[in-house]
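Presented sequentially are two complexes of chain A, the first with chain B as partner and the second with chain C.
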Partner chain A sequence: MKELYELLKDRFRLSDFSQKQPVQAWLKVPSDQAVALITHLRDIHGFSHLVMLTCVDWIEQGKFQLTYILHNYHDHKDLGVKVYIDRESASMESIHHLWEQARTYQRELYEMFGISFPGSPGLTDPFILEGWDDMPVMRRDFDTKAYSETHYSHRPREIHEPEEHMKQRMYPED
Partner chain B sequence: MIEDKDLDIQEETPPPESVIPAEAGTDPTEPASRYPFHNTEWRSEDCKLRNEGLPEEERDWFADARPQPARTSNQIMEKFFNWCRAHSLWILAFGTGCGAIELRPLVTSRYDISRLGMQMRPTPRQASVFVIGGYVSIKTLKRIVRSYEQMQGPKFVVAVCSCAINGGMYWDSYNTIKRIDEYIPVDVYVTGCMPRPEAVMAGFTKLKELIMAGKAEGQNLYAEKFDWYKANQKQVIKDWNMPDYNW
Partner chain C sequence: MDTQYPPIVNGASQYDLDSGKYVRVWQGPQHPGVTGNMSLELDICGDQVVWCKTHVGYLHRGFEKLMERRRYINCFPIVCRICVPEPDTNEYLFAAAVEDLLGIEVPEKAKWLRTLNLELSRLGSFLMWIGGQSGAFGMGTVAQWSITFRDYVLDLFEELSGARVYHMYMIPGGVRGDLPDGWKGRTLELMTRVEKLLDEIRHVMLNNAIFKQRSVGLGIVTADMVDRFGVVGPVARGSGMKRDVRKDSPYLIYDQLDFEAVTEDGCDAYARTLVRWREMYQSIELIRQILDRMPTEGEVHLKLPNVLHLKVPAGETYVRAESTRGEYGYYMCSDGSAFPRKVTVRGPSYCHAMSLLEHLIVGVNIADVHGLMLSLHTYPPEIER
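== the complex of A and B ==
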């Protein structure tokens, strides 16, 4: 995997290569070169399978980390491509023209993190949360407990101390 | 901790009086009728459902009548009917949450609920028991309300697992309701996470006792407190794009 990284480094502005297993490696690429790199990996280097597209909210740095994991069926190797985008007005190029199923991932990321993928079909259709009108729920500044307390009613908790309970049950007249 | 008054959902809301048909025989000019559907009060304009969640042109495709509480007069026959109902519980095969997986052993040879006259039905029209098997997300609640209202009466609800009762491990979730009994009436609760099949069967035994005692009146409760249930449902289901009452 290191050879592949050295090979790609001439062409793209890559950084932060790490490999913890023989079949799995990670690298980082600027967001303007990400789709070009993924297309290159798919068409030239045989990473023909999109395993997943997911997101991490680094709220302290004000960044979203998009992770594209690609798989190569010939030598069964995984390559994770990390892309950092700004948290404010988060937007990223769509890859639905490379893999059709990417539109579902992008639809999910739009709903859960509020990341826009211009041109992705059906991006704003409700995915899980139908009729959601608050902020995207997987952003770390969304307070799920406060939302739950203000929007849903809770069953009040009854506590029975064992000593009192048995006393009531066995000696009710005392 | 928030107080009950902070919530819009209040537990003690009196049922709307105008919905319930007047007792037969109170008006001497009217012919005495034992059955609520002979009473025409519920057909008045005030009692009609508006179906405001639907587009304008679709509103009159659906019913605008409210559910009516079932009234019975002949107690002996009703006891016999209740005995029949208790021994022929047909379960709606609708899975909500993890309980849906855990209920499957009930119909296999080890527990075999068909010897108790119970079986799974694929459509709400044929079912009489609705098992809420676990956590209820908002998206599922919409389907639960729709399926429950499509079931033909008499119908009963068994809430299995702690998530359906008080939220369980989803107590702070943004997308899961905590009390199913504020949205549809529940007859029997079965606690546990997950309850064993024996516990679920004990719940069904309890439901049979309630039915035979004439106490499983969730359907009538739903009809009487229809406005309260509907207000609770519409408060959490933000995109209400279905008729107010599906049947």
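== the complex of A and C ==
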């Protein structure tokens, strides 16, 4: 995988290569070159399978880490392409023209993280959370507990002292 | 030329729903033919589907969000619930991802026990699927037989792990326990009975004229569609692609077992049924091989420090395994704390039930929609983790 990285480095501004296993490697690419790199990997180097597209929220650095995992069926190797984009007005180029399932991933990321993929078909259609009007839920600053406390009524619990309660129920006359 | 299909303008079909020629119907989320709570919004013309949109979200419990707030060991009751018929793949992958980040290797015997568990759960899940597939084409009897046998498989799981559906048998560092006394004999006996059931299913289902008539030519997935739609597992193998994670990227002890990836060339629902039916025999054969060659002595679990205080080194990994529906994967990212930074689940249904189903369903008779869905083995909780 290191040879591939060295080869690609001539064409793209790559960094942070890491490899723990012989069949899996990770690298970082600037967002303006990401789609070109992914297209190159798919068409020239046989990474024909988009395994997943996911996002990690690094709220401390104000960044979203988009992770494209690509798989090569010939030598069964995985390459994780990491792209860092700003959390504020997050936007990324779409890859829906490369794989049909990419539009579903991008639709989910739009709803769950609020990342825009201009041009991706059906991007703003509600995916899971129909009628949602709060902030995107998978962002780390979305507080599930605070949301449920403000949106759902509290159900007060009656608490009884067991001995007294059973006495009242079974022998109310005494 | 006047066709029954609506005209296509700018890449989308144009028709007037008020014209009386087309009807919009919802199939699901509550429907006996739908796998899990998922609904299909269908526009039909006569009895043919002209447009479809998959709607999910009826089962969303926010697993990935919940995992961010829980310690690694506390995530186990969550991950197994991502797939009801086959929770063991999730348990194995979560454990494997944690072990990969921790850099630990599980004992040899635990690897054999994990493989045994995974194959048994594959068999149980396939038995449930074949019931659905036959039921979708009006053969409820096969479903009754196969669900009975799935229950016998669950009996074995109950004996092994104490639970029928969510086993939580595989934990970081190994498995929870060794095989109970006499379990091996009972399993081998059940395997003989399941094999007999599969022979019978061949007579009544695979050779059935109605089943063949309805499934041959239904939902054609050609070889060039496989990469474009991210198709994996039995659906890809039904299109002649020799792709099996167990063979291509062997995990646990699959490289020591003797088996071949099953393929068929039909590309349709019938070919996929054949692939899965043959894979059930394969699972039985693998279970026999494992029980025959498994080491009898040895540790089943590593000595780990208190798992409640487990801190996982920063890093990320992706692990995959072959489930009944195809490649199942977990992406795990750790920031060095006791809580996972992000866990993403890659379920095969994510591609099969959304983009692929919406594409294949156009032109299908509305009565065959269930059969098509079942032949893709879609399962909604994988989509809305």
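The rule we apply is simple: the second predicted complex is superposed on the first by the 153 of 174 C-alpha atoms of A that agree within 3 Å, B and C clash if a C-alpha of one lies under 4 Å from a C-alpha of the other, contacts with A are read in each partner's own complex, and residues count from 1 in each chain.
Going forward, contacts are C-beta pairs under 8 Å (C-beta built on N, C-alpha and C of every residue); 3 or more make two chains touch, one makes a residue touch a chain.
These numbers were taken from a predicted model, which means no experiment stands behind them.
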According to the contact criterion defined above, which of chain B and chain C contacts more residues of chain A?
C
Is A:Arg155 touching the first partner chain B, the second partner chain C, both, or neither of them?
first
Just to be sure I read the superposition right, which of the two partners does A:Gly80 touch: chain B = first, chain C = second, or both, or neither?
second
On the A-aligned overlay, A:Asp133 touches which partner chain: chain B = first, chain C = second, or both, or neither?
first
Contacts of A:Glu93 with chain B and chain C, given as first, second, both or neither
neither
Considering only the touch criterion stated at the top, classify A:Tyr147 as touching first (chain B), second (chain C), both, or neither.
first
Considering each complex separately, which residues of chain A are in contact with chain B in the first and with chain C in the second?
126, 128-130, 137, 144
Listed in rising order, chain C residues that touch chain A in their complex are 56-57, 60, 62, 64-65, 68-69, 100, 227-230, 243, 248-249, 315-318, 320, 327, 329, 331, 333, 341-342, 344, 346, 350-351, 354-356, 359, 384
In their shared complex, chain B is touched by residues of chain A numbered 126, 128-134, 137, 142, 144-145, 147-155, 157
Quick one: in the complex, what on chain B touches chain A?
2, 4, 7, 9, 11, 137-139, 142, 165-167, 171-179, 182, 236-239
Given the complex, residues on chain A that touch chain C span 20, 23-24, 26, 48-52, 54-57, 65, 67, 69, 73, 76, 78, 80, 99-101, 103-105, 126-130, 137-138, 140, 144
